[in-house]
């Protein structure tokens, strides 16, 4: 039942009522179209406005097997991401907008429903201005869409060091056809969907170099690249956050106030866990200044791919005088045993959340299989990982399977 | 102002530029269409992708008159359900998706915004696989869309016994053109938009038998069926839940942990109210194993309809050794005094939430009127009910009026 | 790259296959169109159904400079409003619906995601019935869309006195081509997305008089009106709310129960702040009856515009016998120094939240600049304001810049 009906344009061309050139002209003006991975595309009759309406569903199963008998094993079904994706242009193709909503996060106490919501104006390829909320351009794996990842989800190390989404202004440019790409941004600093409540803001800078020509952010060599591609990048992020203290004496607790950034809120967030663990003490509230940078690389050729990142974060308590330094890295490689269809991948990740503390490292090794029915638009992924906590000498196993549809 | 403008296809056919067959062919390829009850339908030029965009609004007024002087009477306007309905197919008509969002539930502490969000693959009519979140196929009235109900809302007994939505895998099949229908599902077990946190999952099975031919799930004989239709069904659901205990002594409380299923969270939920009422004690946390089943029937002919369900639930505390058995039932009948236009209906429902306790039953009798302007797509409904609580010998009155629009 | 492709209709007309009249007929039946400020418009082939899908993004930067050293200054980026706008008609053009969702409010503990969600039936211009949730027709500036305001946001006085959205029934009529407009509404009374829990409801009435002909609600004379326009209006709102008391003695607190109306929840809400400030005492819970009215005017001509409102609110504690009277007003004027392009505006606002208390007034003076790239559909706004609190003799500065896109 997939036989295609003829359009009026088709019929009139066949009858000779319109010419081949007129057929193409009329088809070009198509008010409704469909783009793979983007969804339905509506264009206004004067072609000055366009909206794309798409969606994403990731249905996941996860099995957690913890070595510690006290930790509850888990067998879980999960709609990992459910998004509606609105994007388009208005008045001119140089003024674009985006509005991505993640329905899987429209649940109690969750503040992460609104994702990329912004306006962009392209002065030239070399200067594009973003106003609104977008991904802070820090960490190659975070910049890469979750729909184009080699594993079921990003590395725990990336989650521990990245900032996530924030609201502000970002300048982006592609120089020499994408051989060099830069970003310079000023953001509120409080993270996704969170209004900053101080007069300190956050700054982010990124530089990427693609010596063999522009390389899109996408893991795995799904395209089976005929020519080798290489990309090197580095980002720098600085900000000042507010540490609060509640209670007194041994029951006092410490937290970062009003901040929804991943490195604060993630279960492994390098700053959040240290503050919660009272590394900065509970003597008094204070400002904590944060410097962090990462360096990353990626390469792909004929179905083979490799990428890695090194993360470094430093936080200084202005009153306590305490210094925290955290480090982490991951490297992953994949190969399509059947080109464009079946990929195998391996990842090793490691993190030292506090250089001052001995024996607090965590490492993870993961193996993955990806089967692409229609590229990233319909694929089935599975991975199994072992996370080793040096302190407890415990090995925890996580196995996941996921079906992804972009419509 | 409802005069219809002629389309280009109409004009070219009238002028003889295209033939009747070509007209039909071109009209078949229509990229934009509207389906009653489904909304606008967009089809890609290659007809491999389709999305349907529709919505639902139920505007309700409710008046509650409680017999007990201590209970506050209520006069309330209410947007009962406000939904955007996205559905469609991708790559092939056999791969369908659904994403239903209920905006009336996007409020503080509410975890029920995302409803049916899933992928379905049709291997054959006899084997259809669902991945994601959907209605657990338990209770005829729950399986029936709320837009096709004979009363303003489902019976309180259904709400007390059903599970609601959950995430998992379900196999469904229609055998012999829908004479027999089966469902076999494995679900997380924690209910709508809630990730399971244990290694126990839930299982659900349903069998329905339509001896006189396929009978759609829909209350009332809106179609004025020329031939009688009968349907018999039965479902079985089992799971294991976690009872937690907080505090000690007489102030200790007991609850079901991390579960968003109706039979747990509903104000009459058979398990939730018993646990909250400390029937299982507060000595210690424990697993509670749940077995439950229902049997249901429906029939309709020439505007007359009748349906009913019997519910039975059993919960066993693994540590406390306590057994809970709950029972309930409802039966309702309707008749179109003006075919396809005006229906009168009557419902009786009864529930014994705990067989061990005497005098704890609740019953309800309701009368309803439905006026269909454009079928279920635009209708006005009203009902009045009296709920009798045996313990207090109290009679509480609820009157409701509702306008429903599907667009 | 804004050259327009020819449509099939264009081509066939040029070739003489169809006539000019047929061209117009076929174009009229256009299933997909775009309306400035409304978004994409889809019409069913039989023209009985239409849906409009649009969106709004307001990206804002705000700088707060507080005179009190103890108050934290703020430098903030903010997605002020992010909306998806669904509207249309079903079955007939007289039955319209609207569903506006504000994604900027889909965050923790926020109950304001769903805004205008309603059905309207037009019996005649003189009688239009609304069912569902809409803006309570009280305060000219609140009735005016936030997309058509002369400043970055409405006056703090408006926010302190208005009710906001509520669910109910409203009758509206335009008499003599809009020279007189009336509204009479019955609402739940608990405000936006909040179900009333008492048997007291709210009533609202409004009358507007446009002696020189219909004047749309929109600030600033963006249209450069050739003829002067004047509008006078007045609204009256009454309701009964429930004051609750928690705790005893000096630590007792007082609040309005279950009410999401602006005059209760806004940081300057005339009733909410008084109740929180224990003006009605903490002796016992009580009903508080509310009477409030406003009078407003607006006029515009040749790029110049002026409007103002006076607000008055009275609340009576039924048990405490306490009377609260609050008053406020604002007046603002604007002028297009470049017609339809660049506007300057000035606003003065003042509020006495409690006539019984001396020296509790607050006033604000604001200056604004608006640059219109494509009318209200793409504009850049900036304003600076000084708020004076008489009690502290403090002057607080707020500067804001905002880009608005309607798509």
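Order of writing sets the chain letters: A, B and C. Residues in each chain are counted from 1.
The criterion applied here is as follows: a contact is a pair of C-beta atoms (placed from the backbone, for glycine too) under 8 Å apart; a residue touches a chain by one contact, two chains touch by 3 or more.
The model shown is predicted, which means the values in this text are computed figures rather than measured ones.
K.L.:
Going by the touch rule set out above, what shape does the chain contact graph take here: line, ring, star, complete or other?
P.N.:
complete
K.L.:
Looking only at residue numbers at the subunit A/subunit C interface, is the share used by both copies over half or under half? Answer same or different.
P.N.:
Result for this pair: different.
K.L.:
CA centre of subunit A versus CA centre of subunit C: separation in Å?
P.N.:
36
K.L.:
Counting only residues that touch at least two other chains, what does the list for subunit A look like?
P.N.:
Subunit A, residues with two or more chain partners: 8, 12, 17, 31-32, 53, 106, 109.
K.L.:
Contact residues on subunit B for subunit C in the complex?
P.N.:
1-2, 4-8, 11-12, 15, 17, 30-34, 39-40, 53, 55, 57, 59, 72-79, 82, 84, 103-104, 106-109, 373-374, 377-378, 403, 405, 407
K.L.:
For subunit A, which residues count as touching subunit C in their complex?
P.N.:
8-9, 12, 17-18, 22, 25-26, 28-29, 31-32, 42, 44-49, 51, 53, 86, 88, 90-93, 95, 97, 99, 101, 106, 109-111, 113-114, 117-119, 131-133, 166-169, 187-188, 193, 195-201
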